[in-house]
Amino acid sequence: MNGERSLRDKLVAEDIGEAIFALASEIYPICRSITGRGVRETLDAIGRHIKLKIHEVPTGTAVFDWEIPREWNIREAYIKNQRGEKVVDFARSNLHVMSYSVPVRQQISLAELKKHVYTLPDQPDLIPYRTSYYAENWAFCMPHRLLESLPDETYEVVIDSSLADGHLTYGEYLHRGETDDEFLLSAHVCHPSLANDNCSGVALLAHLAKRMAGLHTRYSYRFLFAPGTIGAITWLARNEENSRRIKHGLVVSMVGDSGGPTYKKSRRGDARIDRAVVHTLRHSGLTPTILDFSPYGYDERQYCSPGFNLPVGLFQRSKFGEIPEYHTSADNLDFIAPAHLALSYRLIAETLDVVENDLTYCNTMPKCEPQLGRRGLYGAIGGDKDAASANMAMLWILNLSDGMHSLLDIAERADLPFAVLLRTAQQLQHNGLLTITGDANQGAALSVVRRSV
Amino acid sequence: MNGERSLRDKLVAEDIGEAIFALASEIYPICRSITGRGVRETLDAIGRHIKLKIHEVPTGTAVFDWEIPREWNIREAYIKNQRGEKVVDFARSNLHVMSYSVPVRQQISLAELKKHVYTLPDQPDLIPYRTSYYAENWAFCMPHRLLESLPDETYEVVIDSSLADGHLTYGEYLHRGETDDEFLLSAHVCHPSLANDNCSGVALLAHLAKRMAGLHTRYSYRFLFAPGTIGAITWLARNEENSRRIKHGLVVSMVGDSGGPTYKKSRRGDARIDRAVVHTLRHSGLTPTILDFSPYGYDERQYCSPGFNLPVGLFQRSKFGEIPEYHTSADNLDFIAPAHLALSYRLIAETLDVVENDLTYCNTMPKCEPQLGRRGLYGAIGGDKDAASANMAMLWILNLSDGMHSLLDIAERADLPFAVLLRTAQQLQHNGLLTITGDANQGAALSVVRRSV
Amino acid sequence: MNGERSLRDKLVAEDIGEAIFALASEIYPICRSITGRGVRETLDAIGRHIKLKIHEVPTGTAVFDWEIPREWNIREAYIKNQRGEKVVDFARSNLHVMSYSVPVRQQISLAELKKHVYTLPDQPDLIPYRTSYYAENWAFCMPHRLLESLPDETYEVVIDSSLADGHLTYGEYLHRGETDDEFLLSAHVCHPSLANDNCSGVALLAHLAKRMAGLHTRYSYRFLFAPGTIGAITWLARNEENSRRIKHGLVVSMVGDSGGPTYKKSRRGDARIDRAVVHTLRHSGLTPTILDFSPYGYDERQYCSPGFNLPVGLFQRSKFGEIPEYHTSADNLDFIAPAHLALSYRLIAETLDVVENDLTYCNTMPKCEPQLGRRGLYGAIGGDKDAASANMAMLWILNLSDGMHSLLDIAERADLPFAVLLRTAQQLQHNGLLTITGDANQGAALSVVRRSV
């Protein structure tokens, strides 16, 4: 206990922001989609940090109401004007081609071309991000100014893509803890060069998994790197039984910008993960936005579908769709920064710390207050800079540790940071004034409880 | 479903405001009280629109703690000055005579007369409305200015009324629906020439009943036109057993002015009718006033007495007692208008639509989201002007249709208009993505459910 | 009933503020601590008003995690300068000596003396109040200006105190009511010359007990005058079984100043005492501060420890620690006043009235409203200055008296003063419209209920 470090302390490192940023930068240029080589390259990059298990699911496999689509790959794509100049080139930005565009190679008029072009008239310098996974089509995306500058002539359009039977690919990493109960951490890997959405989330979880290796935890932590929607659906379809082990979960996306933090609660609304994140954010000194669940968003849509109803929330910095950079070429490496990534990482690590240590203690001397002065407990804490709150923490823990209140319950009622309560509870336990009676998350007594975390 | 119209659409008609106003105008001049010819004439007028069942309950009949009083009728009444001029004449306004005034015919001094006169010093041009049902007395009501102008001389006062054994009269109309469960709609018919209070409510319910004829509904709708307090008590005393069928109810009064809308909740406070009205008003674009139940008001006092505790609320425009016209001669036909009546009618029809269609659906594909694009459901709705909310409605319905949430439950949580949810649910049901599992109001599965409404 | 006076009316008297002030003034000069002659002299003074039972508990007795300490007594104490002048003299203020100071008699330098002196640099004219019950030490407390004026010379310091085996002393008074269920009223008697904290509370409770003598009450009232913390712990240790009889309780301290009123809820938060005090204060016309329970404060800390969890709140005027006079020589007889004491007394008496009379009635005519006019009930109340609220009170009581709502439940929902509801309920009961079905606080039917209170 003396000098014992919390899970958060063990997870956080000085250079964590830079490390996450480096991995995000490495995978940023890759052209990802819901299937294809880009996903595999991304998982390979992650695999250089953690021992990732790769799953390949064949085209045509039924996953609930869906079917694994054909695999999409692309080599090159461009629009050439009459002078043979590539006015648009996939090699310069993979956002230029609508994801899942079918192959095309033809000479067309400007008027005809325009039927296959997406732009953002209100943000005329940016390339939009567009997809058409389930309706066969092709299109280019480009800055509106560029489209307006194109003279009325004939263009050669080439999309050298392929749509063929293949596989959907996803990666999984399991950190085994003391119990089989799992904490799911999920990031979508289907977006091409969008730095915040979601190179940031992918890289953050990869480094979280990496730093967790070797640490003792109570929960097992499952990290899932899968394409959005169809990937989460595929995982759920293949892990229906195992999904019941998930006791808490977070979808992690857009964690590299300076906004938020934003948390969208699980469908349950009062799950322990919801309370743990809300508590962490409220004591962060930041100005978090807490949103109730809604069925629109990221993969929490699938995890929180009524047939699963898992306790999984969404952690972000800015809220998706509410920033001008969202789903445009402005979501690039300039939009994210190591400091923002480090803060997101720290907030998630603190949340894990809460969930890991949210135990229910019992005051061994519940009749009147124990004589703390005699045990030097006031003194022991007196020199601490958190002395005042630690003294109150001690009184709150002793008062509410009746077997009915977990540490998080007490933290909420006392309006004190969980970390202060945890440190104080460990001190009281060390002095024989507390025993552990159960795990707030499982409602069951822990037969073996190790406080090494 | 295609082109299928909701109950509200079937009930509302272009000229409904004018029709209600015409009937209110027709019954406005009648001198009503809690018994007597005025009530019968009023019910006759209603009976020309719907097949009303008239009940006559003899004087002296015990109804719970009360007794049917003697029947009151009045032929003429006036105050004549020494020049033989009628300074006050019942023929000009039936408000001039306090309701239930005993007969009088005598010469009296001004000083003596004043003991039998009610005025409103703060509204000196208006005649107040006064009654004395249960204490034998007589009085005239007049403008304060008129009273002040009367010279100190001898007056002939004549009230040619009668108080004799007779009957209390009320009218009932039952629209039979698919089930015996009833929706009670109740209006008091005991006030004389007060247009808003309650010619408006009487005429509105008469036309609602008229337009409901021939329509298929799930609930049976009971329309009650009875004198206030003693009439509701009489009906409850004679229908104690049947009252248990009432699953929802509204007392309707003062629905012709431009104020409100105002809803006072039932004693239960969270009855389905309370939630249906609150939802309807909150999505009306108006600025409704929602009041908690209190035991002072209209006949909801009786319906919500502890021995019945029926789920009956009070629907009004302006709140009773809070407008200067209340219970004065200013509550005349100029105070109400077809447009206000039409809006009140529409709000009530929308509430009925909510209650009728508040079913609990079950998502047939509860594990992950179904693939809506493949079914053309995004597209099908895309052209709709309510597209955005309909898309969200679709996601909300699928997410919450787990057999535990009715459409109204979902509407409240999604903060979307019930009508949008209903239309969307019908579309999803048509596509096999929803089945109906029960009736939110009855907590029982519906063996037969017809969606023709 | 006619002219029947409430418990509050019987308890309150015109000169009650002066009487409490007189007793507070009498005990103010006594040097109290958690043990010793000062406590006994204080209890003697109380005992001249009520028949107090004195308990003496020997040094060394184990009370839960604590032990009765040695008894502390002090005869004299001073600091003499080189001219033989007493620059500090215990005879002038007993705050000058830190409570439980061990004996000392020596010549020391100013530098050495300063290690044993407490002052308040921010309040340089005041003497602080300090204690060291469980760590052996000695100290003087003095105005900061005085300390600063002391020349650098040798001083003679004398504390003629004794710490020896003896007893902890507390006093108890039980007013026997109709039942064995108890209402605990507790005041700490361990502070020396601090008028508000807590001569005020001690004197108030003594006079409350005195005036209660001979009155019929439903509850038994236990008055406890004991040293803070160790006294409450001692009482609980010796009355563990009996403590279960405590159905409501108040710790009373600092009730003589002009602040507040302040109420800190019991740990339960929704105990009947919490609701009774909150109701009383909200209808007092004052601007009360209602605080949630926290485990820091007075003896409610012990009563609300998890092994007891008694429904005991804390009643104060200003909140402890939040006024500059707190624990200084400025908390003297000028700081408290008869008017403030009288108001505190009245608020507590009103609270007792609520708890005593919080019965659950049953409307004997629950179907529709009974005919109140016929019974003259509107009239009976009409002349009353509280007529409007009494009429509403009548309707609320009849509407909610279904055996599920106590008078306090009704008062909260109706937002009417409890006293109005009580008077009205008694009138309705007298007219046969109500019967008593139970005691809200005990959830049990009262076999014998006397309304003489």
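A, B and C label the chains in the order they appear, each numbered from 1.
Definition applied: a contact is a pair of C-beta atoms (placed from the backbone, for glycine too) under 8 Å apart; a residue touches a chain by one contact, two chains touch by 3 or more.
Keep in mind it's a predicted model, so treat the numbers as computed, not measured.
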Fill in: Between chain A and its twin chain C, rotation from the CA superposition, multiple of 5 degrees
120
Worksheet item: Are the two sides of the chain A and chain B contact the same residues or different ones, given that same means over half of the numbers occur on both copies?
Response: different
Worksheet item: In whole angstrom, what separates the CA-based centres of chain A and chain B?
Response: 54
Worksheet item: Out of chain B, which residues touch more than one other chain, so two or more?
Response: none
Fill in: chain C residues touching chain B - in the complex, by the definition given at the top
363, 365-371, 373-374, 392, 395-396, 398-402, 414
Fill in: Interfacial residue positions of chain B with respect to chain C in the complex
63-66, 134-135, 229, 232-233, 236-237, 240, 267, 294-296, 301-302, 304-309
